[in-house]
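You will see subunit A twice below: alongside subunit B first, and alongside subunit C after that.
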Partner chain A sequence: MKLLFERSTVGHKSELLPCCSTPAYELPADLLRAEAPALPQLAEIEVERHYTELAKQTFGVNDGFYPLGSCTMKYNPSINEDMAALPGFTKLHPLQPESTVQGALEAMYTATELLQEITGMDAMTLQPSAGAHGEYTGLLLIRAYHQSRGDTARTKIIVPDSAHGTNPASAVMAGFSVVNIPSDEKGCVDLDGLRKAVGPDTAGLMLTNPNTVGIFDPNILEITKIVHEAGGLCYYDGANLNAVMGMARPGDMGFDCIHLNLHKTFSTPHGGGGPGSGPVGCKAHLAQFLPTPVVVKTEEGYHLHAPEASLGRMRSLYGNFLVVIRALTYVLSLGKEGIPAASQGAVLNANYLMKKLADLGYDMAYPGFCMHEFVMDIGKLKKETGASAMEIAKRLLDYGMHPPTMYFPLIVHEALMVEPTETESKETLDAAAEVYGKILAEAKEDGQRLHDAPFNTPIGRPDEVGAARQPILRWTPAE
Partner chain B sequence: MGGYIPNSAAAQQAMLESLGLTSVQQLFDCIPSEMLVDHLNIPEGMSELEVGEMLTAMADKNKRFSTVFRGAGAYNHYIPSIVKAVTSKKEFLTAYTPYQAEISQGVLQSIFEYQTMICQLTGMDVSNASVYDGATAAAEAVVMCQERKRSCAVVSGALNPHFIEVIQTYCGSRGIPVEILPVQNGLTDPAALSAALKADDACVLFQNPNYYGLLENCDALTEAAHAVGAKAVAVVNPMTLGILKTPGAYGADIAVGEGQPLGIPMAFGGPYLGFMAATQAMMRKLPGRIVGQTTDAKGNRAFVLTLQAREQHIRREKASSSVCSNQALCALTAAVYLASMGPDGLADCAKQCLSNAHYAASEIAKIPGFGLRHNAPFFHEFVTECPICPQLLNEKLAEKGILGGLPVEGGILWCATEMNNKNQIDRLVEILKEVAAQ
Partner chain C sequence: MNTPANLKYSKSHEWVKMTGENTAEIGLTDFAQDSMGDIVFVELPEVGDAVTAGESFGNLESVKAVSDVFSPVTGVVTEINEELLDNPALINESCYDAWMIRVGEITETENLLTGDEYDASCQEEA
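Then we have the complex of A and B:
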């Protein structure tokens, strides 16, 4: 595919603006750039064709099955897009007087009310822009809490080795050091390990439940109790909430604060890598520390309000507002029966596919029932046939399917993490299982062949080592 | 209502049977029973028709101004029709981060093109794939400048106040000292900066045009930073770079900013686009995703996520930032915008902003009580005095469908873009005259 710059022809352009109606103003030359930016010069049809071609080489949920574990690639309802495109939302200046944005504030307030009920939290901010940003925010809440009590020796955040990489990275951003604790043989928190890890320096624990291997930790109440008794707080990484919405609430599990990934659980599109939205909910004892501003409701209407001991701002303005509008549309659509039904559907689909793949001969890292996702262990297959998790994943591409998440969580070395979501049909799962079966047979027949997969994609496997060794991060004109 | 679940009850029953179960509830037996939710206290689900009506009613409660003279970090620009047409393509919209390069060349190439255009605009060597917004981009830039013996960030007081607050949040938790440099006549004074700088400061941040719309002496500020071995970080508005001198040209080490002016709707504050560009020397300190060019086994050009050894999923607690999902679709929006504007279109748009703002400023300043607060060169924002309570003034303007400038200390911060033609400005001036005469 040609790059935009390679399609450029001098003089091609679109006519978009009228002539300037005010006298031309000139700034002194020393304030101006020496030459125009070398942007491409294209007519509108050329821009359209370019991006149409790029779209054809992009794979979204709308293109096919996308069981990317931990990412909850469910269908993104069309109505959500319509609501987020309403001019009454898109054309609002963020610094308009409060009295002129009551509908926007109502939408934000309603979203927080609904999400607080779903998670069992007392207060919420919509400011964080993604899951990792939510983690950072939640950890700052924990930090502010301890500091407000003069409890300044609490400098450590406990993170299980099954956690997502953003967890420890966010903990360091928040000024903590990280204590990694190993998982037990079932992939859950090792209680003895946790008891040994907690102490007067414990600020808190970060956990996702169900965890990253798709298992609901049966000891969850004991876990949060151990942390609380040691004086720490518990943070819930909401990436896996799709397993338990309307069935169980992090607030009832003993968590003090949480983030949600609206771009996972609440059906907002991922956009090829964002924008997401990572609202952070907390219990009452942390509410006074929430970032500025939060939306409050009084008799006169809705207001933006700075919590009394606010930790400050996490970004400018109020968050990824249009993403929140999509999520609000979704929650209102599903309602009190639809929310748990979605989780039930997600868990049923995951177990159905897990059983099918296990019956085909794939090894499960943690056999038995799972929640909304499961992890396959390709280790034995690799030893026997040479076909690794990567090879299975790459071969799936040939069949028009997005592969599962590879090599995560780190506690399973040849991991393929599968999350079908509730919006896939039994027929899609059956068809997927058939493909997985074929690939397993291929691997057993000739594991070497899979090293060259994929065969039918627009490009073969890219040279990633070369890309990192001699980085080319932008186009430059040929000399 | 349906939860977008295609399976019928019969299909679900068949699936349960294959698992040897009779009820889906059994799959939740692993959850301690005392914790199971009986029912959620939220409304019952609604049909698409009803939800559409409810959200539309909320949208309709907001006031949409036909004329906007307010900026202060969010700008009312024309968005070419093609921008939405491209960014609503469901392939782009519904894809995850492009982890599987073989089926993601489209989105990867679009990011590579975005990175290139950000470099072209800023005059810098490299760009990342985006971060959450301009304020977090500025905060991440400070973190990029941390060295073993250099920590403190000296920040111009003429930065957007939200940016300053976010920098304070990000630096506060890491123990990075932040010093705010007082503003003099709306500007950052290079001599005062030099006097304030210490030999072990890590970086200087200034904004151009600054929060008050004024053009800083970027050369001198950059030089002052470099004189003590500190990095210079320029916070810039990409629209203005259609004509303004680039951070690369004045020697900045990092250029960051809010990409919203590039085709992204104001949308009550988000989603927006944090862009970050840097010199080659700082390439490996950039946070977030970066796309690079390589080849496949057959020698075809290919694009991949690269330099991942910097990132959280590899480095975990040693990563410099936890950013994972970024603002990819907003970066695509900016790229489509820039591709359809082209170099001439962008320069023309920037010049219209400049000319309209100067016409507005000169006309407004003629009204008694509305004198210009500063006399430095400005771009498309400027502060005037206000003879009456600014809130009251804005109420009067709102009655006529005009969103007036933002009340700030000492007056009102106005903004004019290509959307504010001479008629609009003349009408504004007429109303201001009436108000002033009362």
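Then we have the complex of A and C:
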């Protein structure tokens, strides 16, 4: 499709901007351009058509099934938007006196109270902008804790080989070095490997549970105990909290701090830039280091408070406030019964679809029951037919369905990672399984043909190498 | 899969060509380049850097993921293949010509596999 610049016609214009109410100011001649910038010239309807065309090419959870593993693409209820649009939340200035924003502070306070209850944590910051920012914040808390005790030799963070790539990256950003430990044959933490890895240089362990292959680690209490006995702290990556919220609490599993992805587990928009929100919860022994400010409740009302040994700010002001309002709405809508029911639904849907796909002939990397997601191994199919995980994913686009996550986790070479979430109906899952069955039959019939899929989308296979090596990041006028 | 018999291999998918008593050339195997897919960036050490057997000396980014590459020997980098920095696709096109680093002053070598042993280890993994 054409860019706005390419749709431009000299002389077309829109009256989108209001008249300027302040007097014009003449700039000195040496600051003026020699000629006008090459801005596009379009009528309002041309601009509208451009954006409508763009919108038609997007695919979101409101368009169809979107089982992108590890991303928890659940439906975002519209009541969240209603609440986030209330003028009492949208028409505030972030630096208004506290006495005039008691409602907003109460909303933040209530959100932290509820999220602390769900995760089993004692304190929380809402500041981090998304998951990896939360990881970074949590790791800085761990570093501050060790430093406050003069325990400065603790420089290593242990990360299993199935971890999200952000875990080792955040650890390095926070000044740690990373120790990778292998998974056992079930994709869980290898206890002997962990025992060998811990020592007086261990700052902590980063773990997601259930892990990235959708399995709840049966040794979780032993794992956190091994790390604690070595003097390290345990960090819970909340990426997979949708499998256990209201059912099991990271705080009870022995974790010292945690980040949440409100944009995943708590139904706020993501996938198109969000913005996300990655609150970090911690146990009491880390609370004094939390970023400033946190909201506290006193007899006189709610206050913004700086924890005594605070890390400082992780970003401006209070985090993505309206995202927190959406997540708060979600938690309050679901309530004490709805929160665990959502997790149960997520696990049930994943197991239902996993069984259907296994029956169709797809290989599962870790057969048996899963939690909220499962990983298929396309390796054998690729060997037999030439159709890899990439081909299956591309062909799914032709059927108006978002593909699963591809080639992750790295411990499964031809991985397709499927997370249907609780918001899909049995009918949707059945229809999806039917499509997966059709594609498997196509692969077996002529695997090579799928190398050209998708056939019905606006573009076929983008040049990924060209996009990585020579991206065209801005439009430049023709000479 | 192409596994030349005159080279030695590590389990972590690097090939080693002994070019002298204590000098070697190191690259990525055919199995590895095929599993990674199109390689788009290569990060190599600098000449004079020490490398340690079993430890990462650089990384490769493909359209799928970023992966470490491990040194099968302990020694000092004497040369890097600068051509790869501009044209990483050479590894996909001809991985046994596209050496990544040359190492000298080798003091230690991992237990390396023969071509047949390496093929067998890949079969297991795949």
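Observations, loosely collected:
One rule holds for everything that comes next: the second predicted complex is superposed on the first by the 443 of 479 C-alpha atoms of A that agree within 3 Å, B and C clash if a C-alpha of one lies under 4 Å from a C-alpha of the other, contacts with A are read in each partner's own complex, and residues count from 1 in each chain.
FYI, a contact is a pair of C-beta atoms (placed from the backbone, for glycine too) under 8 Å apart; a residue touches a chain by one contact, two chains touch by 3 or more.
Because the structure is predicted, anything quoted here is derived from the model rather than measured.
Of the two partner chains placed around the shared chain by superposition, subunit B is the only one that A:G319 touches, whereas subunit C remains out of contact. In the superposition on chain A, A:G165 makes contact with both subunit B and subunit C. Residue contacts after overlaying the shared chain place A:E464 against subunit B and subunit C alike. In the superposition on chain A, A:A153 makes contact with neither subunit B nor subunit C. Within the superposed three-chain model, A:G379 lies in touch with subunit C and out of touch with subunit B [touch as defined at top]. By the touch criterion defined above, A:A441 lies against neither subunit B nor subunit C after alignment on the C-alpha atoms of chain A. More residues of subunit A are in touch with B than with the other of subunit B and subunit C.
Overlaid on A, the two complexes show subunit B and subunit C touching the same residues of subunit A, namely 165, 406, 408, 464, 468. The part of subunit C that touches subunit A in the complex is made up of residues 35, 37-38, 40-41, 61, 63-67, 88-89, 125-126. Those residues of subunit A whose C-beta lies close enough to touch subunit C in the complex are 165, 379, 383, 390, 406-408, 410, 413, 464-465, 468-469.
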